[in-house]
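Each of the next two complexes has chain A plus one other chain: chain B in the first, chain C in the second.
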Partner chain A sequence: MKFPESRASRARAFAVGLLLLLAVALVAFSVGGVRLSIADLLSGRGEAGEMARMLASIRAPRILLAALVGGCLALAGAALQALLKNPLADPFLLGTSGGAAAGAACAALAGASPLVSPAAAFLGAAAASVGVASLAMRGGRLDLQRLLLAGLIANAFFSALLLAAFSIASGEAARTMLFWMMGSLADATPGKDAALAPYALVGAVILVAMAARLNLFSVGEENAAALGVDIERTKRIVFLAASLLTGAAVAFAGVIGFVGLLVPHAVRAIAGNDQRTLLPLSGLAGASLLVAADAASRAALAPVELPIGAITAALGAPLFAWLLLRTP
Partner chain B sequence: MNDPGFLIEARGLTADYGRTPALAGLDAAISAGEVVAILGENGSGKSTFLKVLARVLAASGGTLLFDGRPLDSVPRRQTARRIAYVPQSVDLVFPIRSLDVVLQGRAPHGRGFVAETPTDRRQALDAMRACDVEGLADRDASAISGGERRRVFLARALAQEAEVWLLDEPTAGLDPRHRLEFLETLWRVHGERKTTILLVTHEIGLAADFASMVLLLKGGKTIAQGPCGQVLTAENLSRAFGTPFQARGRRFEVRSGVLPGGSLEP
Partner chain C sequence: MWSQPVAGKVPFAVPVAAARGHLRRCRSSVPSRPWRRGMLTASPSSRRLASDPAALATEHTPSRDAGGGKRHAAPSVRALLSVFAFAGALAGCRAEGPAAPGRTIPRRVVALAPNLTEIVFALGAGSMLVGVSEYSDFPEAARHIRRVGGLEVDPEKVAALRPDLVLAMAEGSARGAVRALEAAGLPVTVVPSGSLDAVLEGIRLVGERLGRREAAIRLADELARRREAVRRRMAGRRRPRALLLVWPDPPQAAGGGTFLNDVLTEAGAGNLVGDRNGWPILSAEYVATAPVELLVLPDSGQTRPAFERALSRGPLSRGPVAQAKLVRLDEASLTRPGPRVFGMLERLAEAIR
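Then we have the complex of A and B:
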């Protein structure tokens, strides 16, 4: 276990994370049903260059979407883990993602424009967090087991809601519902990337600004209170920012599980639990993970595309089981 | 303040956990520099009083003055610089270096709760030296012994430079040597910094030896407070704990018709 010492070492860690993301993105760029050569793209003459540019125009927005969605989910998960002092916290397991999907689906069903869907997803996510947190309260404090059960209940409720919406909807709308349930990055466009980026940025800036307070929370809520943190205000801010990130990710990519659980654990094992390092690194590592998982989903059984959620679940479920076994 | 009076003054203080009342009109008047032992049976409100003072729990009624001002009218950060809370036990889920635990004591002094200036670091290391846990600075605090961890949190209170320390059963679960070392450290710091100490304990002997004043609670109310000699009487203790006490010199014991010795020293 390493404990980063200074601002300089945090900056170094961030630079390494950024390089990793770029490397993963480059690999993801070239793999898929058809191999894309970077050389062709750059030299760009004739039929090969034409083909390369066409593939690039399809793949680039998709890789960017994967990075943004992965970053949002991992950052939300890392912040929730510190806030709740609970290594099992994750927007998917706590029902936040389900709430976001249900919110977006309801808006779509009501005939709202797709531009509204991030806002609707955010409202759904916020409602889900508040509902799950209040279900899990016991004698004035959040209870670990109740929290997980409340997340289970929320997920059951929201999938029922989505299934109902799916059966009412028809044609294109039904396909959209299915997309939110299963999660997919296939419909990426530069427009969607541009729409998601501001949400991701705002949520990330808020959470990283809360990092020092979250360090005090990760020892315990009472600990933070006794050291002068306004804990109710901090909890509201972090829950809302995590809901914003989750809502935005789900609105553009549907429900993709386990990213928020998986990534902070891996980063913590390498870089320690200082939230000022953990939060930004989790964002970058989450982006890398989802870009890699998406490349694998395109390349593994090409031309058939695996659902991205299947890949993250295949990685995340065993980790979850392992964590559960280790939790006293 | 023209007349500083008491540092901590509670009148008719109430607090509750959800619908369960925990303090039901507690009174206390504590001057700066006192070492106060808070005694009482389980559920009498001892820990709750510390939590209200630490602002971990909000009072539901009554008055609580700190340095002459209502405690909840002072910004939290400000009171956190003056009042340190050492909880009974801390369940550490995530790894954290002991030095970082101690540095958290500097958080209320830093901008945005960040504590990483060279001064913060020096103060944290000095505090660890004073509490004899310097050697643990780089160790994961979730992987050291309970007694060591207790002293790491004591070092944190020291680094916090608080003038009031709230200690919740600080000696519970410590073996005799660690208990002695812990109390010696506490006593030394109290002597050097004139820290006001409020200490929740079940050890009546410790209260008599260590404290300058006793606050005796029952059912969330104060039933006696004052110098040890006045408050620690067989009559008061019998009332507080609901079982007959008898004095033997400066010590007290509870009679038992079952145990082989016929009595038990609490």
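Then we have the complex of A and C:
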């Protein structure tokens, strides 16, 4: 561990992460099943210009959605790993994603339009988080061991619910459920981006603000308390903020695996374990990874689109293996 | 990452993995989408079946040869008999071809897919049906026949009907059930569907099994004649670049090696994704920029809202595809590889002309 780091070095790390994200987004913008020429887009004249504008109107919202979702998941994963002191914690561990998918499934089964399913998914995620948190309360304290078990119970329950719903659903309802289970960025719109952005920002700001306190968590709850951290408050805030990020991401893009689990590890291997660096960098790196993965899913077998979850794992696993090998 | 053996951690992956299994099962049965029910797939194995009569002969149809009386023999004896019968079927087919005469005419038939139900009725054998799949809604009389399950065929329900012939698709959600039925010694005939040729082949095969050989040959010849007439009418014309979507969002098209690719090309259109096999899911970018001149959509109460949304503000609302000539064809007739698809071929050719 090399914290405390200086403010300047943290700022430098953040700037590098931001540049990486911008570079990846720029590349992602020009690749895909159809080549998009920035020159055509800027000149904007004639048939080529019109085509470029249309492509941009499809691609740009999608890249933004990928960045937001990737950022939310990676940031939530990093915060939960620090909170639970468990390197295998990920945003889908605590029942939120299951609740979101079940919420969307219930709305779809009830015959609601697919347009309301993000709202239903978010409600499901919120209900699941509150349920899991109240299961994990013991004597007025949020017991982290119980939190894991409660998440496990919630996930098992929602899986059962979802499978049962899926087997009796038909037509659009089944399609909607499958979308949530597999994860997809395919139907991104500016409206979805605008709806997701506030949740992502609020959650991210809260978690980054808690980073210094999460640093103290690494020495154990008792020691952190001795150092003057309000343990209960910190635990609840981090849990709820992580749930907010996960629920929002899942509501708009379904369950996209891998990003939330491994991006924090990758960032930790490079940038160390100071949460003040780790959390914002994880967000940026998660956004970059998902933007890159989405570009690959559009371009690799164009015009056929690959499932995004397959790409995140295929890109991320070798990266992670490499990091593992070079860590002494 | 999903299979990490971590104590106390069962992530949300459990339903995902299970659902993917489900998807795979459904994909095989319902060509395009698990949620598109009543459609049947064109699979490589069905194409193989269609083109290779010897492959057809490997069907496991013990009772046919073993005789009804022996079906109640002790399990081990029955197993032995079915081995002999299997070998016998192989040998018999090699010697006489699939049209072996002297086969008993079945009286209790179960059809595990709606297109098979339609074929049986078209051969005038609807009264033989004692069980059909959930979505068998054509002709009207099929609606009153007992259901044996939809996406998931219930082998126990099928067996309880004591069928002396079970008709199944070469690939399908029913595959598990088909294996169970074969293991139970029920005579299952697998019908190919991967191309229009395969559909005609399937009609002849079903006729064979139902003892309606003449009717089947007449029907298949009649359909082949109508198909040939369309082909002649459309010969030498310019082929509009076309997409046939089985689902709008994300757009999923009929690619090469499917009977719907045959419908598109023989009706005089050029399939833009004919070089992709199966049922490719296309990116929104491709659909918005592809030079589509003709858009063929299956139309039914179930698909219409989704297609309308896609046309008004989804992936079909931008670019050339939004200006393309739109042809809607009855979903059940178009997407079931049965006799009615030839009528859709004529309708589509007419629309292109």
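One rule holds in what follows: the second predicted complex is superposed on the first by the 249 of 328 C-alpha atoms of A that agree within 3 Å, B and C clash if a C-alpha of one lies under 4 Å from a C-alpha of the other, contacts with A are read in each partner's own complex, and residues count from 1 in each chain.
To be clear about the criterion, a residue touches a chain if its C-beta (ideal position, glycine included) is under 8 Å from a C-beta of that chain, and two chains touch if they have at least 3 such contacts.
Note that this is a predicted model, so its numbers are computed, not measured.
S.K.: So, A:K85: does it touch chain B (first), chain C (second), both, or neither?
M.R.: first
S.K.: Just to be sure I read the superposition right, which of the two partners does A:L65 touch: chain B = first, chain C = second, or both, or neither?
M.R.: A:L65: touches no partner chain.
S.K.: According to the stated criteria, A:N215 is in contact with first (chain B), second (chain C), both, or neither; which is it?
M.R.: first
S.K.: Quick check on the superposed pair: does A:R268 touch chain B, chain C, both, or neither? Answer first, second, both or neither.
M.R.: Touch partner of A:R268: chain B, not chain C.
S.K.: On the A-aligned overlay, A:A101 touches which partner chain: chain B = first, chain C = second, or both, or neither?
M.R.: Touch partner of A:A101: chain C, not chain B.
S.K.: Please determine whether it is chain B or chain C that touches the greater number of chain A residues.
M.R.: C
S.K.: Determine, under the contact definition given at the top, whether A:G228 touches first (chain B), second (chain C), both, or neither.
M.R.: Only chain B; A:G228 stays clear of chain C.
S.K.: Across the two complexes, what residues of chain A are contacted by chain B and by chain C?
M.R.: Looking at chain A, the two contact sets are disjoint.
S.K.: Please give the residue numbers of chain C that touch chain A in the complex, ascending.
M.R.: Touch list, chain C to chain A: 1-2, 4, 6, 8-16, 18-20, 22-23, 33-37, 152, 247, 249-250, 273, 276, 280-290, 302-303, 305-306, 314, 318-319.
S.K.: Using the touch rule from the top, collect the residues of chain A that touch chain B in their complex.
M.R.: Per the touch definition, chain A meets chain B at residues 1, 3, 6-7, 82, 85-87, 139-140, 209, 212-213, 215-216, 218-220, 222-223, 225-230, 268, 272-274, 276.
S.K.: Hey, which residues of chain A end up touching chain C in the complex?
M.R.: Counting only chain A, the residues touching chain C are 32-34, 51, 54-55, 57-59, 88, 90, 92-93, 97-98, 101, 148-149, 152, 155-156, 158-159, 162-163, 166-167, 169-175, 177-178, 181-182, 184, 186-187, 255, 257-258, 261-262, 298, 302-305, 313, 317.
S.K.: Considering only the defined contacts, which chain B positions touch chain A in the complex?
M.R.: Against chain A, the touching part of chain B is residues 17-18, 20, 51, 54-56, 75-81, 83-85, 87, 90-97, 100-101, 104-105, 107-108, 110, 112-114, 116, 138, 140, 160.
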